[in-house]
Amino acid sequence: MQLFECDGKRLLKEWGIAVPKGLLLTSADGLPDALSQLGGKAVLKIQVPTGKRGKAGGIKLISNVGEGNDFFKQWAGKSHGGYEVESVLAEEPLAISKEFYMSVVLNAREGNFFFIFSAEGGVDIEETSRQHPDKVLKVKLDPAACIKEFHFRNILLEHGYSGSLLLSLSNAAANLYKGFVAANALLAEINPLVMLEDGTVMAADAKIEIDDSAKFRLSSKNFLEVKADELEREAKDIGVTYIKLDEGNVAIIASGAGLSMNTMDLIYEAGMKPANFLETGGGITSELVRRSVHLVLKNESARAVIVNLYGGVNSLLEAAKGIVAGVQELKRPVPLVVKALGNQQEECFALLEEHNIPVIKSYRTEDAVAYIQRQLEVAK
Amino acid sequence: MSILLTKQTRAIVQGITGRIGAIQARWMLECGTNIVGGVTPGGGGKEVHGVPVYDSVAEAVKKQQANASVLFVPAAYARDAVLEAIDAGIGLIVCVPEHIPVHDTITIRRSAQQKGAWLIGPNTPGVLTPGVGKMGIMPANLFKPGRIGLISRSGTLCYEVAGYINEGGYGQSTVIGIGGDMVRGSDVQNVLSEFDQDTETDMVVVVGEVGGVMEEQVAECLKHMHKPVITYIAGQTAPAGKKMGHAGAIIQGNEGTVECKQNALREAGALVATRIADIPELIGRAYK
Amino acid sequence: MQLFECDGKRLLKEWGIAVPKGLLLTSADGLPDALSQLGGKAVLKIQVPTGKRGKAGGIKLISNVGEGNDFFKQWAGKSHGGYEVESVLAEEPLAISKEFYMSVVLNAREGNFFFIFSAEGGVDIEETSRQHPDKVLKVKLDPAACIKEFHFRNILLEHGYSGSLLLSLSNAAANLYKGFVAANALLAEINPLVMLEDGTVMAADAKIEIDDSAKFRLSSKNFLEVKADELEREAKDIGVTYIKLDEGNVAIIASGAGLSMNTMDLIYEAGMKPANFLETGGGITSELVRRSVHLVLKNESARAVIVNLYGGVNSLLEAAKGIVAGVQELKRPVPLVVKALGNQQEECFALLEEHNIPVIKSYRTEDAVAYIQRQLEVAK
Amino acid sequence: MSILLTKQTRAIVQGITGRIGAIQARWMLECGTNIVGGVTPGGGGKEVHGVPVYDSVAEAVKKQQANASVLFVPAAYARDAVLEAIDAGIGLIVCVPEHIPVHDTITIRRSAQQKGAWLIGPNTPGVLTPGVGKMGIMPANLFKPGRIGLISRSGTLCYEVAGYINEGGYGQSTVIGIGGDMVRGSDVQNVLSEFDQDTETDMVVVVGEVGGVMEEQVAECLKHMHKPVITYIAGQTAPAGKKMGHAGAIIQGNEGTVECKQNALREAGALVATRIADIPELIGRAYK
């Protein structure tokens, strides 16, 4: 889960890293108060969990309410990067004398962390890293080590920093690392980390990604979330992973991410297009499957369904019951084929056949795809 | 011989008195797995399917000389349960649960490395050696004894691949679900190296996915392998930026695409199957 | 700092250990409300940071307000173990089926911790430990190890526990240990830890000692403190360690604990008695010494002063200035001798001699003691 | 030769730009101590009494081959400063500050043990080798070169004892303030063992106090000592239950009294001085 800038900055502040004074606004009504609290001028920043807001005009310095109203009007009902703009962060303008880049990020390959720092902030760090690898400091941090501020001081010393700037940077780094670990973050990036004209070091932006699986540890925090659309909300309610794909005609219900992707690949290969992708996860119940059948057909473009299951943790009989119930309730009958192997597969086959639902009794997803292809051709 | 799960394995089930733990224990027993005990704190003295339950892993090790453990515990408790197994000297730990926080995985991975234990998973269907047994949730009836090593990030996809391998007249020495998360307890290189040294394995099939770096790691270690490696990677048509069910399956920028991975593998000398159905033919070619 | 029972229980609760429902009362006025909240009956316990309250009648079960009033009357203005009784904890009575002893304590000898547990609670654990060492489980905990609940489970398993009681005890132990470390405690003792008739495990008492040097980490907590007497408050204000001794006639001002004790020993040896013991600590200023001279003479029995200093961190000239100022202001002149060696000792000697204050210019504390002894004999 | 602080010592001062750190650095320099640098984070590039200041201990080690450090930092920062010195590979760390939380002392003690560093203190007057130098706050003029090792819990009391030793015509090889807190960075047994192996030390005087277990530890290790050990313990008349200035000096129940300690030491074969003034005579007796 990618946090919104305002929430990321709230975390940074808790971790002991300075952030600009700011207020979150959901409408232009708050502008007069914000301007007076921030000293007459403010930087307005649209709040969406993605980047490149500056280029899109989503960040603007205003010096009066009128300019602020214009900004709100400009963004009313608009989206950026696929996210609807619902709030705006108003911040004190900063007298910046230097920009840096600083982040702590998961190194999935080795199961440890990277501390990344660059004297060039506000830029695309991956780009800088490719073009000028010498300008980007990237140090591995051992998760089993007890990492203290002096470790960061030594790292930054070797990188040429000294004096009070060294202290401010190593303090920010130590706090960022400590917070990153405590919050179970996948990424904690400050880009840019700025030095103001008075020497203060401050986070001018915050990009923090929290591990969804660790949310239970942060339940007390109240983070802004992207409004889910109706189908995503329903999928969450059922307890499945649902991904909408572009304008396809075949809906996929599959157990396991790999098998789902393989099914998708085979549908494309057969010249069809998947409409969506519903992964059941490990805990199949008949109710979960019944609701899944309905959910995948809510995509209007879907004309057929492939159900592709293996019964490992799952009982296939439960799945069959759910399929039967789902199909019986369909208002818009479409071709549906089931491929299922594993626990209680014979009972599953029997029940489906009893209700005239076609079953592929092999491990060949291709056969299920071919069956659907024939059905769709017949239907033309 | 086979790898990790062998005739010497004396396995316990952590979380055996839970609903899923109990069912899976039965299925593991039914396919012949040498389950010597279960562990549920506070459940000591009970029996599940005739298997004695202990209050701690250390107790099961002491009383049953257990040397392997498979876990069916809620994600929030998995870290401490794995640490308990490592602390008790268990050498093979199969961590089935999904949705374990990545930072927890990092902790247990590091701890297993320090103690020299094999940690398989998390988010794994487990480890299965046809004819010997299984630790995890793989349906045993989908596999056949044979001389092909099988490593997969995805559980269900590996079942599908096993079907094709069986159809081709081959079977599996050991099947390893290496885990679907971003960070895994064990590196694929080490598992490949075990297969390379195993006298009952002739070659290895690796089933990958979009996202992550496992396939690149396979490519990097191929120069040390003596046996052929065949790969298949799912998700050729996956859109960028979306998490495809597995936490590890996400394409970021140009990285993690199937094409990238296939190129790296081809260059390193792997036999690359673009369709699962091609795998048996590649096995045949490797045998020539 | 030894916490009062009510504060100890507050900490235990924060750490995840169950404690009885309770209210702190400072007068009998709160009794009706307490009795109604606690279900009609209550156990009243005087709050003083010391033990053996039961034997002294400081713990009583009451079933009505009258009995409570009697208890408050009985303790009004009284002390226990040298501490004035200022508050009373009213708790719900417990239906206890079994008592245990559990503690985590600093093992100063090896710089690690002990986890101590016994199936016999509510008793003097040191006594039990001496008489029946087999009944007391004492396990060392390595401060560098990451100790988890399963470690305690294994310890208690080997000690014969199982089932849900094993779980409750190991959970309490893990929480106690975690809390002990987090609070920088020297001792965290639950005696007794009780199992109620319904199986719940609960702390019926709490004895927690916090490291005074670590108080800055717990500044947010508001712990009850023993009311310091006037001289102790003044010593704290000056920044020195002051200990009143029994009815002696010689006041001691010395730098360093060992030297202070040695001075005390030598005064006894010479047949005199020390009145008190003021240890200046490392940061001597003239003002600190001036006030110290006044403070030690506030003990009415004090008839003479020995000032015994070494100038390591301290400047002896500063000390001399303070002595001169202190002596000049004395309303009740008494014999005073200074022994001082170290930094700026010559300047110190010169200043004191200028003001006719006797100085011993050697390392022999005995000489200073002998001088005072002669002065006191002359004064008789 | 002497112990810990020798002619090979290249010392740094952590906290050298502070008020006390700067004064003490001067006094250490004045008595000949080989101070090669100071460390104050953010103070790199400065000079104090001609001594170069660095931003970190690692930098001072790199640029000055420092191998010892004496700390004058506020108690709340002492733990991390000591950990920094240990991490940088410093072999002798003298931690002067008092009022360091005991849990912090435990942390740094454990870390020093793991890395094989000597940690002296906290709450110590330091280490002094007459004629070589001092790391800490002991007034150098109170000591004389000689062949008596001196270990003391109390700073000022050890100065007094040194006076009597000097008066007796002897002097000190090295003087160690082992620390006045409940928990110490180094165990007295290890310091005694160093003196036992030191060719320039003939015997050791240990100055103890009421409370704690240091004196009992001395008694326990005497059987391994080849050289005579003379002890004096202050606080014979200390009342029970009161903390006598030092955090470690408190008598609890019957434990920690001077009598207990003296008995244990006598039984173990130590020469026990009941008065400081008796020490020179006991030294003379030990030489016979």
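Chains here go by letter, A, B, C and D, matching the order in which they are written, and residues are numbered from 1 within each.
Throughout what follows, a contact is a pair of C-beta atoms (placed from the backbone, for glycine too) under 8 Å apart; a residue touches a chain by one contact, two chains touch by 3 or more.
The structure displayed is predicted, hence computed values, not measured ones.
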* Asked: Which sets of chains still touch one another once subunit A is disregarded?
  -> one piece
* Chain pair with more C-beta contacts, B-C versus C-D -> C-D
* **Cα-centroid distance, subunit C relative to subunit D, in whole angstrom** => 27
* Structure fact -> Per the C-alpha centroid definition, the whole-Å distance linking subunit A and subunit D comes out as 57
* Structure fact -> Expressed in whole Å, how far the mean CA point of subunit A lies from that of subunit C is 54
* **Interface hub residues of subunit D, defined as touching at least two other chains** => none
* Asked: Tell me, which residues of subunit C touch at least two other chains?
  -> none
* Asked: Touch graph of the chains shown: is it line, ring, star, complete or other?
  -> ring
* To do: Kindly provide every pair of chains that touch.
  => A-B, A-D, B-C, C-D
* To do: Show which residues of subunit B lie in contact with subunit A when the two form their complex.
  => 20, 24, 27, 75-76, 98-107, 109-111, 114, 125, 137-139, 141-142, 152-160, 162-164, 180, 182-184, 207, 209-210, 212-213, 217, 234-239, 242, 244-249, 253, 275-277
* Using the touch rule from the top, collect the residues of subunit A that touch subunit D in their complex. => 146, 148-151, 153-154, 157, 162-164, 166-167, 170
* In the complex of these two chains, what residues of subunit D are touching subunit A? -> 41-42, 44-45, 55-59, 80, 83-84, 87
* To do: Sort out for me which residues of subunit C touch subunit D in the complex.
  => 106, 108-109, 111-112, 126, 142-144, 181, 184, 186, 211-214, 216-217, 241, 243, 245-246, 254-262, 264-265, 268-269, 274, 277, 279, 281-282, 309-313, 341-343, 362-366
